[in-house]
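Mind looking over this structure? Questions follow.
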Amino acid sequence: WADTIKIANVIELSGAGATVGSNWRDALKLAFEEINAAGGILGEQVEVTDYDTQTDPTISRAMVQKAIDDGAYVIMGPIYSGSVKVNMMVAQQNGVPQLTGAEAPFITDMGNPYIFRTSFGAQQSMPKLVKYLADEMKVKSVAIAWVNDDFGKGGRDSFVAELGKHGITVTADVSSEVGQADFAADVIKLKSSNADAIFAYLHEEESARLLKEIRKQGVTQPIFGETTLMNQKVVDLAGEAVNGVRGHVGLTANAPIPGVEEFAKKFEAKYNYKPDHNAIKAYMGAYVVKHVTTKNGKVDPQAFADALHGLTITPADEPGILMETSWDDKGEVNRDSFLVEVKDGKQTVVSTLPKL
Amino acid sequence: MTPVLSVRNVSKSFGGLRAVDNVSFDVHQGEILGLIGPNGSGKSTLFNCVLGQLPASTGSVLVDGQDVAGKRPCDLNKLGVGRTFQMLQVFPDMTVLDNIILAGQEHKGTMLSRLFGKPDAGLTAEALRMIDFFRLGHQTYEKAGSLSYGQQKLLDAAMAFMAGPKLVMLDEPAGGVNLTMLADLKERLKAFNQERGATFVVIEHNMEFVMSLCTRIIVLANGRIIAQGDPETVRNDPTVIEAYLGG
Amino acid sequence: MSKHTLLTLVAGLAILILLPFTQSNYGVFVLSSWLVYSISAMGLNLTLGYAGQVSLAQASFMGIGAYMTALMTMAGVPWPIAMVAATVLCFVIGFLLGYPALRVQHHFLAFITLAFNALVVLALRNEEWLTGGTYGIVGIPRPEILGLPTQKPLAFYFFVLALFVLMAAALYGIIRSPWGRAFKALRENPIRANSLGVDIRKTTLLAFAIGSSYGGLAGSLLAQLTQFIDPHSFGLTISLKVLLMVIVGGAGFFFGPILGALLIVLAPEFLRFTEGYYLMIYATLVIVLMVFCPTGLLGLVERARTALKIRQKPNATTWEAGR
Amino acid sequence: MLELKQVYGGYGKMTILNGTSFKIDKGTITTVIGPNGAGKSTVFKAIFGLLKIRSGNVLLNGEDVTALPPAKMLAKGVTYVPQGRNLFPMLSVRHNLEIGGISSTDQAQIARRIDEVMEQFPILKEKAKEQAITLSGGQQKQLEIARALLLNPSLILVDEPSIGLSPQMINETFRTLLRLRDEGVTILMVEQNAKAALAMSDYGLVLEQGRTRMYDRADELLADPRVGQLFLGAHLEEA
Amino acid sequence: MNTFFQLFVSGLATGSIYALAAIGFTLLWQASQTINFAQGEFIMLPAFFVLAGTQFLGLSFPVAMAIALALSLLLLGFGFKRIIIDPLLPHGVLPIVIATMALGILTKEGVKQFYTAEALPFPALFSDRTLNILGAAISVQDIAVLLIALGAVALLQLFLNGTKIGRCMQATAQNPQVAEILGVPVKRMILYTFLINGALAFLASILISPIYLAKFSNGETLGLIAFIAAIVGGFNQIRGALAGGLLIGVIDNLSAAYISASYRSAVPLILLIIIILVRPQGLLGKAEGRTV
């Protein structure tokens, strides 16, 4: 390894995932600029190269191959589970650790010792949410609206599995397309299912459109979601239609945690927009690289992967990690999360749910 | 002897207009039949009905005694019926030579032999002869679309002959063709007719050409046959003079 | 074939054989995908460039070929059988897709084929039991040829190259034969062609079927190259990409799609340094290219070549001939 | 009226016109004859500004009009009826006519003229509302000729008006041209139907290989045995 | 039944959006025989002109709208014609298809790079108050869009078929060489066509964006559906766009509810295929006359 440490940022910069990808890229840049300004890692400067997956699994695979040809130490990203599923094999074959932003359950189930998450998989977050629905809200039946891609499908499957454990029935199961604009039919189905609650698992804009249509048709059931549904973006887009929506959030820029708040401020000052949870993931990920490498005392991919399994990093050890986080032996993370509700167009944390 | 072509009570309507109205006639082997009539009298439409380009509203068409209802233009061509069109119809972006070879190739061998056999289906020599006859020799490798109007008209006629058809139906072959060339064309048709016994049906407004070429003439007006007979009779028929030839 | 062209071909082949040795793994991957896309684009060139049938469904045939190969090889069927089956299946489906082309042409046909492509993608995504749905299929094996594995990028490249040469030669044969002339006639003037005995129905369907089977084979190779397939890889954008290859290279020119595929596959590599501006620059280049040579690059070359030959066109010379 | 001086031009790099020169007088009918591909239509395109002229000049009433675009030529009172099919297939017959008069400043007069030409070509009146594409070949040609008569041009270029017309319609058309000539309009016409055309013309012009081979009074040309042999198919008829 | 009615009404509302987007396609086809694959992006863009005006230049909404309209005419009308259509028109449809596809990408990526990759809310011209009609919820906005689409279709139809200029535009599209010979100002006719298209894109943009949100990728699906609507309705008749748009909107909603949500996007496609095969000229289109 020459004078610089090469970090490959294999991420969605164009295509459907461009929004999440740019959040991630910007935060990652921010973090490594800070790290470099503070003297780098083990005295060496970090060089981040972006590789655009175009939100296309096949291209993402080629990009990981290229990153490895270029001598990457750690691969950051991508976020889309479909891409990760494909390209993690390449990283695995070459023994390069990969910190992904993907949340689909299967990522950590494949026994790949080089893959690590930066946030919960859906199989971690859904139990927390369903428990809340069952215990606190006494919900007996749910209508689900989800987006038919690997993000939505993965979340929906985990959610439904979890519902089964609590004996909650699904009365409507409505899939929609990425980029769908018209949710009239979807809402009619949700509404006429007469479920106790509605669960929505879609991307930001689609969430906003769904919520607006729900408001338009005067649906009265409570609405729940996971992370994206209560996102600031959704609030900006759907306005008051989001008020009253509740859900579980793994990471949020609104978390009442000093580190997160400070990060959000820095980010907004630099890039002029509010970071989302993907930005937080990338920022934390960068500091994970710093922390683990410093701890190992050498720039060695194998040592990195070995060290991160079973590791817990606290903000005291490494302020950039923002919240205490642990990795298990499959690369799955565990940390506190939050139950939030949107009130007056603001995401407010109702309660903090402890690590599982 | 069964007629080469037999048209029986063919009618064709477009909306309320009866473009061809109950037309019947036979064409026998070796005849050169002229089809004349005022503009819009239904000549081209009749051709199109006979040749499978348009479905006739009623009536039937027999080629060699065989009913060709529902047959497509390519099937008729395979039966030995060639044709030209009134409006220019060539393959503009192919060379003159390729135009001509194409016109003959579908009659050579089978589908498979055309895939694996010679690229020109063994037709180059014959095609060049045909091109020379129609005085297109200096244009052999030009794109057909860059030919002058009259040259394209000649090319179109040349294509109709390539398959060595027994019946050729020509829609205004003389339009735009130089008189000298036209005289040659007439000789060529007659030679074909006498040597190979080919039969022709010709639509043409050039009376000199029709009268000196055809053995029999049918006159159409408003979709109906108003007169028929040998050139002399038709030329002097008052109804024909009134409807078509003018004073 | 003249001596000159023969020499050029041999030189080209030599380059194709030697080039990968100078490349990294990734470089070999890029070269392989170029050849794979070339095969697909060659097929579309037959349908579109020669026979004039606008098809925007080439990616769906790549998809059908890819899934067929993936499912069969992963079920243990030997790869040659799987690849042949994929190609034949696409031939048959392409044949059927040709039927609408008998009724409609041009933009209507474009949209029927486009709709077909979209339907195939929908089916691939929704029929999860068979296709793995939106997650796709991972871990498609690469073939073993006479005991030699092609797991390594370089080995697989040569496998692709061999098929590429084979398919190119076959296409060349078809285009030069009377079939090729009939395809062109179909493009230029179907009505006249029909009256000259060209069976329009058969010719149209064959143009679709052959073009599609090239797509199927390309898809089959793509599945083995990337070892992963999902519905998204065979969507409309990919069809349009293949179309772009054909047009940019020069529709109706034998080497057009190969050149086009080279440009389109390599463009991202050369433009990567521009980061987010990559697609903008790429699009701008395409527009500029179209505006300045609407007939594609090879069309431009041909134009230049005719322009160099200043010709005095011999005219009909009755005056002299008359003597 | 119209003069071509040593005009060279062609398509792309191909030269078709090799120094074409001729001069026609006001109020006459001149017929151009020549073998197929001689460049007759190309001459018309050159005059009307549709062909790139490489060298030489086109003069109209002494004024240099070389390479003026069609719109300018129309404004100078020149109209052009090209060879082949030249209609707007999906528009109705009446609308096709209407567009023929679009360059006129007096639209009221055009409306009147449309009614007049419809009287002259009754079939057009009958089919006024039909799409032009549904007309028969000869009917389409009639429509085109009628369209060219709408304006009041001082020079008409007609490329083979007789193609597709029945003998009666040819007579009718030629009569119209003669009447126009008598009103002072100059007419330059290409015809393969050369005998009939020369018979009604004042002058005849033989074009070959893009050069003027002969230019004479029409009756002289008709009588010239060389012309008869080469362009009127005479040698075969005599044989 | 109540559900059905709501579905139907919502379908009409969406359908009028499709119609609005589809009008441009039919206009371009009828008046210049071109197909603009960037039409979706053309409809996406003007909203961003407005937003840029209000957000960056601090203009008031009406002023920003006026400037956006001017920009649309200049860029989507005049510029588009000069830079892409003029050189490509003589070469047939395919090069235009490719070039406009590329233009679509360029526009989309340009907005993403220079403006934002995010969706932005866009102020509504009409109240989004919901009315309850026979138990179905429909907003004032929906009704306005429907009426405007109707109006645009009626006006254009009148213009193209009822005025001399309109017919000259059609003539230019059908046979530009002859149009030129007859003295039709061909260049100007083409310019008119594209200016009108620019204005239509602007209109569609400001009506659609409040509902769809302003986002760089909006053109992708909208362009495709609008095209389908145009073909289904009849490509050579402006009113076909309206019929096609409404039909697709309603069918889309009904099939999402009664057939299968995951195959809902298949239904318009199948409809498209059937229509083209059974009635290639579209529901309201005119069949082309004789071929030989």
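A, B, C, D and E label the chains in the order they appear, each numbered from 1.
Rule of thumb we're sticking to: a residue touches a chain if its C-beta (ideal position, glycine included) is under 8 Å from a C-beta of that chain, and two chains touch if they have at least 3 such contacts.
Small disclaimer: the values here were computed from a predicted structure and weren't measured.
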Fewest touching-chain hops separating subunit C from subunit E: 1
Neighbouring chains shared between subunit A and subunit C, ordered by label: E
Pair joined by more contacting C-beta pairs (D-E or B-C): B-C
Most remote chain, CA-based centroid, reference being subunit E: B
Rounded Å distance between subunit B and subunit C, as computed from the means of their C-alpha atoms: 40
Centre distance in Å when subunit A and subunit E are each reduced to the mean of their C-alpha atoms: 36
Geometric centre distance via CA averages, subunit D-subunit A, whole Å: 76
CA centroid of subunit B to CA centroid of subunit D, Å: 28
Set of subunit A residues in contact with two or more other chains: 14, 148
Residues of subunit B engaged with two or more neighbouring chains: 44, 53, 85-87, 89, 135, 180
Junction residues of subunit C - those touching two or more other chains: 125, 191, 276, 279, 315-316, 318
In the complex, subunit C residues that touch subunit E: 54, 100, 103-104, 106-108, 110-112, 115-116, 118-119, 122, 125-126, 191, 236, 240, 243-244, 247-248, 251, 276-277, 279-280, 282-284, 286-287, 290-292, 294-295
Subunit C-touching residues of subunit E, taken from the complex the two chains share: 35, 83-84, 87-88, 91, 93-95, 97-99, 101-106, 109-110, 112-113, 224, 227-228, 231, 235, 262-263, 265-266, 269-270, 272-273, 276-277, 280, 291-292
Complex contact set, residues of subunit A against subunit C: 13-14, 50, 52, 56-58, 61-62, 65-66, 69, 82, 85-86, 89, 106, 148-150, 153
Interfacial residue positions of subunit D with respect to subunit E in the complex: 48, 50, 69-71, 74-75, 80, 82, 86-91, 95-96, 98-100, 102-103, 107, 131, 133-134, 147
Residues of subunit E touching subunit B in the complex: 291-292
